[in-house]
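Below is one structure, written out as structure tokens, with a few remarks after it.
Going by the order they are written in, the chains are A, B, C, D and E; count residues from 1 in each one.
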């Protein structure tokens, strides 16, 4: 129950066993994905044909490694580009929202807050299709009216960025608001009292205080953007982010290249997570 | 310069009929006072009486609905907080957690554009003066409560403000540390010779530290005076009840002629008070009033020691003994059922008093205060 | 039944040489005591001395490393907490926020399978006894701090436990309410006639409420006694210092013959103490010791009133007056530089004492306590 | 310029791209897809986002009629003598809408059966996939070719009914019944070309309806597996070049078309994609083994029996879609 | 508190959120609705009507898939709760300090990679020639290969795997906020483990349970990859149908109607969940 209460050794043991099994369940898929990245076989499955690094570095068909797959390399670049924009935009708007909701009282605030949460309960597909349908009809109307082309409103990176931004912003808002809520407004008053201007107080006191939350939400936004599929699939044009490319490849039939990319992704997000953790620890 | 103090004493801070209204509600209601240079001025009042609101008006975080507010003779109305020559120590100190101690203390100087080296020197100096040399590099959370307290003061003092405002700065500290910091704060104030305006709801803090205390209630000042005046000669029933413990006895005026005020309790027992000690109230026979009497002003006499001529002497029986070391008290029930609490010194012969013992209470007519009760 | 109390008084709770070790650290170190039925027993000690650990062993949330623990004569070792006839009032009360007051109080009865109607009746009854009739339907957060306190007690009392354990239950309340609840708790205990074991680090709580106090330090009991015994006859230096305020004077033994213990201070001034009041210590001349003297035991005499024959009479000069109403004190500096704090009654003629005034301190040889200092 | 190419897996091998980039200075970005997704993507972008697409010839006019996502081919920019004339004209005929030609032929091939002849020798027609002998070891796509193949195998003639919605619906209903009944036999419906190859190679599937090329490629590793032209006839398709209405790099697109139709390049594509092209002499440089496998699968009778897809009339796909959904949902 | 500050600053803060919500959330949904009520009557010819919605209700396939998706999602949610609660409880109440942080971070393991890779991992494990099948054969527990992929159980495994974090995190947070002394008080007053769980722990965890369930339900309902890749030939998922309408049928009108129906379903279930627990959306989601 809790450590201060007596408990039978059997129950304790069974509980531990369950927890262990659970974490094995969590780790197993990732473990096999990683292991088969090194299988010297065309398929990511048993039998084990021997160890190879070809799925990373190989450049002889059919053993084309990640580092020689143009489509994958290009889509990693695309993903990074999208993720960077999404995280900048959503952290910016999230920060504005946090100040708006924490610092201001206005009519319709509760309603606006509800609307802000809405993206959390709209399935990603629907976000994707609604944006697709809406921008298409706007573009059609505009094009009919002006005779010009509005490519930005057609599936492509701009829409992918906007689509991901449309729901990731909610997360950023929540994370940053939570931190801002913990901010003691008397700190800002103290700064004013000590002679700082309003803007100076926000820059020197509030923003540094928010920084851990801003960094954390930027990292989360990156990760969410990188792995988003449902919304992206509807909005993607000719430049596909990594998940879409991988999905296409998976539909074609998987080779251990996918395992190799996945392993690299794991390493990258682990590194990113670790970095943000260290950053938070240092700041906290 | 003002009506209340002679021209000779220059006053650092002066409030004239300050009012602050929140929609319908008057949080501060016509408060006037001035604080002479270099003095320690406390505002003492119960929670919600408007202390913080008043202080925040002085600091400039709230603008008065009406009235004027002068610092060193200059009106502060319309001056933003960052332009006022006052500094404030916040209730929870408001040390910047993202900066180390040195950066915290140097913050105000940086805003003024003081040179780097100069800041460093002055920060070091002021930290030394508050007894914390060499903590510049520490993080805020590496200091104890009392140390943080002193850093908060140093951060203000380095700017050499005309007035330092303190909003219950000891509220968050634990009992022992609070006792200690009371004495220390007073010493720091004396050392810097800066005007302190201190708000608190703890009477002991106000009594121990202040040169002058204003007792505040429902947005108004009920009395301004030295600690002794406020304690010994409370001007209103509220002050008498709020500052220190007291027995409260509801009475009716019997006679107010001569130097003596004669009253009678609900049970009919007669009380005599020095009329001179009672301010200037007009007493009408039959008027309802309330007598306040401090437990330590009640003498306990062994039973049977009554003397006919002594006033305010009532035989009774011990109803309860509250043993609390030096602060022990005894509650005595008179024959008419009324209760009287008296301090029970642990050194005298009566220290061994037990419940049920017969004992006589007596108090001097000059020791009690009487206030008319508003009829209604 | 036990060594320490006569067989006639049945003891509800008895601890025999209880020890609790956390890895290397002994949190409770050989504690033995017993609490007679219906009494109010306090355990008083500084933070971290092991109070909570002791109480949690009694409640069953921690098992002793060694020693035995009996309730109504039955050993509790190995009995899980939900099977022990003790109830506990937690420091933060631990009222279930998801249940209303009635459900909270009825929780224990529900666990025992008592019928619905019966639960309702008994909950109503106990709430009435703690002075809160008709609050059953309220939510926990609709009650004030003091009311919650009483609900927490009612929740335990409805189960009619043999022993009620209370872990600093007043710690979270504010000052005024704490004062009030002290008296109230004692009254409730008397009304229920249940054995209370109460832990606190606030001496005033322990003094006011208890029949017996155990003073705890570093896992050990230093003294068990009535409040008066603990206050007036502290058995160790720790108890003398922890319970009540005291002047501490380091001394050396000069002579211990006759009924008087003669000592001298660092400055060479002679002190005289009643040897009889000092427990049974063997005094060797030259031995180092410490004298504890309460401020209220120090009399202040106007300067010049020295009488040659009186012991412990030292002329001095007022160093500081700490005006604090009934608790005002004065610090007097003797000619050898040593400081002595004395209570400053506000009623006497000395109330007007100012810094720099000459004054004489005097205290009676029976009022001070002296403890040998461990040599090292 | 950047040529954004929307095509099938295998139609734009890395070496070809490298050569093309080196020669023309254009760069190529490939998106692999299938017929439906090509149309869907171009519909969403209103004919933008890509510069060259490769839908099958039968799927062009209906999409054009409905969404207007292509622009006509400017024959003056095409080196038409690189194309086999009969295929060029057949494709032109099938992809003409409102008097304009929208498609050029590129790769052609058939759909039929890929069978592990050692494990499932009895599978010779589409309907054989439903026999008990191969229960649980069968895979096909849940797409229109399956409907059409089964229809032929059941003795029906779906292409003849293209113009007659009611008759076609009647055919669909019969096929639906057959495919619903066949469902327990199916391991999974496959989606991409490599996926079915993996399933066959690993032995998880022993008989499938699939593209000829998959069968031949597997045959190289495992002689037991090969493409079998079904008794009812293989389904013949031609994938084309079509210009999205709002492609931005027409120059690069025409350059690509003219480049890949060169015989030596066409042969390279045939070698990776496995299918022959409409390029004159395109089979010249093709692997002898591939030719041999082709010939093993197709005797003259089988070639004659190939059912070539006529253009799909608008609206037909909606009916097929509903049928496919129902099969998918059936239990 | 900002009553005294400039109006301009306020409007500058208001602008981004209004643009975001209006242009990317509200108007697109209005647009989606408008498309969903236009019926195709011929090439490039449309008219307004509820034909797409009636198609949904008259075609059993559509609403059956809809119902199936809803039920499976509820099932996945329940399963996730059941599996996740003991884990959250273990992390929040049994472990301390470093172990606690470690275990908590270990719950994030699946999120080092995208859903696609996670699902891919399960495919490698479950397929007939996969790791489990081979392991069982090697261990002699089965004689031939077993197919564990392509069925509803595989979907469940995948769905639970994908959503477990979103259940465990809010549960850990709420359970963490449950003071141990409440549990101890429950025991002290004579409660058994079951009683304390039922009467104290679970009621306290209710906010976390509700918010976890809402999120998990939403994730399952809106999932596409897991049912597509792990599900068998029978595994229809409503999201998949929406994609099909958009991507392989180019029927945006029907797809939009489906989208709206899915939105209605998810809103309804969220609404019911909130009603049942008597909490508001802002309380439930605002704290995660």
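Rule of thumb we're sticking to: a residue touches a chain if its C-beta (ideal position, glycine included) is under 8 Å from a C-beta of that chain, and two chains touch if they have at least 3 such contacts.
Listed by chain with UniProt protein names: A, E = Spermidine/putrescine transport system permease protein; B, C = Spermidine/putrescine transport system ATP-binding protein.
Given the structure is predicted, the values throughout are model-derived calculations rather than measurements.
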item	value
If a chain touches subunit B and subunit D alike, it appears here	A
Two chains sharing the most C-beta contacts	A-E
Euclidean distance of C-alpha centroids - subunit C vs subunit E, Å	56
Subunit B and subunit C: spacing of chain centres that average the CA atoms, whole Å	29
Where subunit A and subunit D are represented by their mean Cα positions, the distance between them in whole Å	37
Residues of subunit C touching at least two other chains	60-61, 80-81
Touching two or more other chains - residues of subunit E	127, 129, 184, 187, 246
Residues of subunit A touching at least two other chains	4-5, 43, 45, 132, 254
Full enumeration of touching chain pairs	A-B, A-C, A-D, A-E, B-C, C-E, D-E
Partner subunit B, residues of subunit A touching it in the complex	184, 186-187, 189-197, 200, 204-205, 208-209, 211, 283
Touching residues (chain side subunit E, partner subunit C) in the complex	179, 181-182, 184-192, 195, 199-200, 203-204, 206
Subunit D-facing residues of subunit A, complex	42-43, 45, 70-71, 74, 132, 136, 139-140, 143, 149, 151, 154-156, 237-240, 248, 251-255
Touching residues on subunit D, where the partner in the complex is subunit E	36-37, 39-40, 43-44, 63, 65-68, 136, 183, 186-189, 202-204, 314, 317-318, 321-322, 325-326, 328-329, 331
Subunit D - residues contacting subunit A, complex	4, 6, 9, 14, 29-33, 41, 44-46, 48-50, 191-198, 201-202, 246
